[in-house]
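To keep things simple, chains are lettered A, B, C and D as they appear, and every chain counts its residues starting from 1.
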Amino acid sequence: MTGADDQERAYKYRRDREMARDPSRVETFSDGIFAVVLTVMAVELLQYGPARVGGRELPDALSQAWPSYLAYVITFAIAGQVWLTHHNVWRYVVRVDQTLLVFNLLLLLFVAAIPFTADLLSDNVRGSATEQRLTGALYVGTVLGQALFFNLSWWWARRRHLLNPDLDPGLAKAVARRLRVGPLLYLIAFAVVFIDPVLSLFAYLLLVGLYLIRGPGDLPSYTTPA
Amino acid sequence: MTGADDQERAYKYRRDREMARDPSRVETFSDGIFAVVLTVMAVELLQYGPARVGGRELPDALSQAWPSYLAYVITFAIAGQVWLTHHNVWRYVVRVDQTLLVFNLLLLLFVAAIPFTADLLSDNVRGSATEQRLTGALYVGTVLGQALFFNLSWWWARRRHLLNPDLDPGLAKAVARRLRVGPLLYLIAFAVVFIDPVLSLFAYLLLVGLYLIRGPGDLPSYTTPA
Amino acid sequence: MTGADDQERAYKYRRDREMARDPSRVETFSDGIFAVVLTVMAVELLQYGPARVGGRELPDALSQAWPSYLAYVITFAIAGQVWLTHHNVWRYVVRVDQTLLVFNLLLLLFVAAIPFTADLLSDNVRGSATEQRLTGALYVGTVLGQALFFNLSWWWARRRHLLNPDLDPGLAKAVARRLRVGPLLYLIAFAVVFIDPVLSLFAYLLLVGLYLIRGPGDLPSYTTPA
Amino acid sequence: MTGADDQERAYKYRRDREMARDPSRVETFSDGIFAVVLTVMAVELLQYGPARVGGRELPDALSQAWPSYLAYVITFAIAGQVWLTHHNVWRYVVRVDQTLLVFNLLLLLFVAAIPFTADLLSDNVRGSATEQRLTGALYVGTVLGQALFFNLSWWWARRRHLLNPDLDPGLAKAVARRLRVGPLLYLIAFAVVFIDPVLSLFAYLLLVGLYLIRGPGDLPSYTTPA
């Protein structure tokens, strides 16, 4: 409103005056979300466990609750594998920009929904064919959403020079190719639901196992002392 | 009580003998709270999901639960955007004092209440006009409270030399101006509730989108290798 | 079992061959617990909020739930202040030993119980005199337990050379004296319950305010640029 | 698809082009899970506390809930001790590989199940002999699973040169021996359930106490200033 203030308003915002930031805080924040996602199913076990619900013989009550245990293991396996990929891929990121953070938040939006859809899936594994397919589709939807934003994050980080300059460009490309394969395999595992829903669950667990086979972006192994 | 003790009591506390601290622990702590806030709604989805409540056909039960999904997305969008701003703004903070920590705790008090008010809001979007306005007001209250303490944090950090000395003072002022605009826009989005409550929800989501447009305090973008 | 194995068994364990560790991981871990404690009450608001329970008019339901809001604010105030003290005190710790970690775990055991006792306290503020005194005693028990292990942590850290060697011994002593005063003030606030339970709650909140007055162990304030 | 693309496809993936990573993010992530595990029982106290359930006199309601308090203390003691071991052991790890991360995830899978089995255990301590033995077996199962993956982690880290090269090989072996003893002691504590279930609970708590006795892998103690 004063002349001095007008002068300040005249200050021209130039983005190159902004300071950079490394990805350490993004990793801490993401780890917090992964930690809650991985433990949420254990909290559910507790809340709907025989100690709380009662009214049945304990061995019976425990064995009836098998879909909850299955949901716990599936959630842990899938979300654990997503964390592993996040851990490995983000070690190549040396700085972040606005878009990468938004892609990462959207990735976490889908990751945080995994317990919900995994729970639905395991709960309806003995339901009607409609229920099996519906819950299977919802589940694969969360997993695909997560995979989509992994691909977008990597694509953006490569394009905008956010990766470690020492990263071999051929390796960066190989990682991108590997990340693209994921969603396709998930769709195949989902299609199995039309044959047998229990088989489909095992297909998901098999996929997690497949990811553990060495591939581009994974950690090196060591044969000599540090 | 003894003479030696008296002598020690005579020790004059001088605040300048205290050591400084960088903001890394404040960021870790805040990230923990943000992580819980972002995942709380997903836990709610799980607890009130069809797998737990039952008594209805699954497709029907899932589609009836749409206010929960809406609350999940709104919470994630708003709290995610607050995290993004926190991430960006705090990278300029190089040291902390007592008052800044208190302002940050009060900011987190409002952030932690967002899932509660977002849930009320989405649950009453088809309620009576009173319910819509009341829940709208509660929701905007938490968002404004959070915005207020963001403004106070930045004002205090500038005033007390807590920011990076390399930060351009013009840029610091531009960030302050941008932070001040936020609350005004939220109030406009709230006012829309008197026209149509669903439109008001979309106005909030639009605001989150607006924040993603580049402005002072955001991360730089890169055109050359690191 | 073989001679070689016997020889290895003969390896004499010497504690001085163990490596030291700085407190960074203790802080991250403690912050995770503080973050859950601070948000737990917000989750409770959500779970017992009008959106879930229903059966009443919304404005009525919201106003009936005031003890929950009170419990949220009290928990946030007390646990937030404990976090602040933890943040400030641990910045002087440069290395950790087994005993200090155990004291810190016991401190966290009491901190994690604060939401439970604060909830009981606020829920019985209009109960019978017995209920008020019982819940008041439980609450002050958790707060005193926490304060006890703060005192033990600091005493041990001073005794075992775990603090920053640049810390003025006079200041270290002044911090110890200040930490000792806390429990006494809490006991006074508890005694007020015999006069009026609501007054007792305000006394607790007043105490949190008192802690914000500058004292030994607090962060310095800055008058010159960094 | 083009010639250039074929050429890129010809890029031979060599694991030695991948970059190493230190364990800091694994520790942050694990701490997030430990923090939730340690606070989950406190959340349960809150949800099933007298403030929520009602219908009884408060002193009566509180004293009836003793198995919950027991479960809280046992979970805190066991999971706290596991955290302590994790904190101490991982300070010797200087780099991570894929297998070590998978072992750590499986360790966390069992750690996250501790609140569930501890809750069952304490809830059935006055149940029938079958219930006592069944819940005792489930509980010891989670604790043994956790101990198994601790042993595998350490064995793998030694074998694959992931430990600090300054770590005395004799000390590394002594740590391995100590980690192997744990599961045996847990089995003995479990066997006590056939004599008396309450005694078995105390045996577990005694074991936690035993772990606090100085041994290989623990933190050093200091007798001189830092």
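Structure notes:
One rule holds in what follows: a contact is a pair of C-beta atoms (placed from the backbone, for glycine too) under 8 Å apart; a residue touches a chain by one contact, two chains touch by 3 or more.
None of the values given here were measured: they were computed from a predicted structure.
Put simply, the chain farthest from subunit A by mean CA position is C.
For the touching copies subunit A and subunit B, the fraction of interface residue numbers used by both falls below half; the interface is of the different-residue type.
Measuring from the averaged C-alpha position of subunit A to that of subunit B gives a distance of 23 Å.
Remark: subunit B and subunit D have CA centroids separated by 33 Å (rounded to whole angstrom).
Each of the following residues of subunit A touches two or more other chains: 28, 31-32, 35-36, 43, 47, 164. Partner subunit C is touched in their complex by these residues of subunit D: 27-28, 31-32, 34-36, 38-39, 42-43, 45-47, 49-52, 58-59, 62, 72-73, 76, 80, 83-84, 87-88, 91-92, 164, 166-168, 170-171, 173-174, 212, 214-226. Contact residues on subunit B toward subunit C in their complex (touch as defined above): 8, 11, 13, 15-21, 25-26, 28-29, 31-33, 35-37, 40, 43-44, 47-48, 94-99, 101-102, 105, 108-109, 112-113, 115-116, 119-120, 123-124, 127, 130-131, 134-135, 138, 160-165. Of all residues in subunit C, those touching subunit A in their complex are 32, 35.
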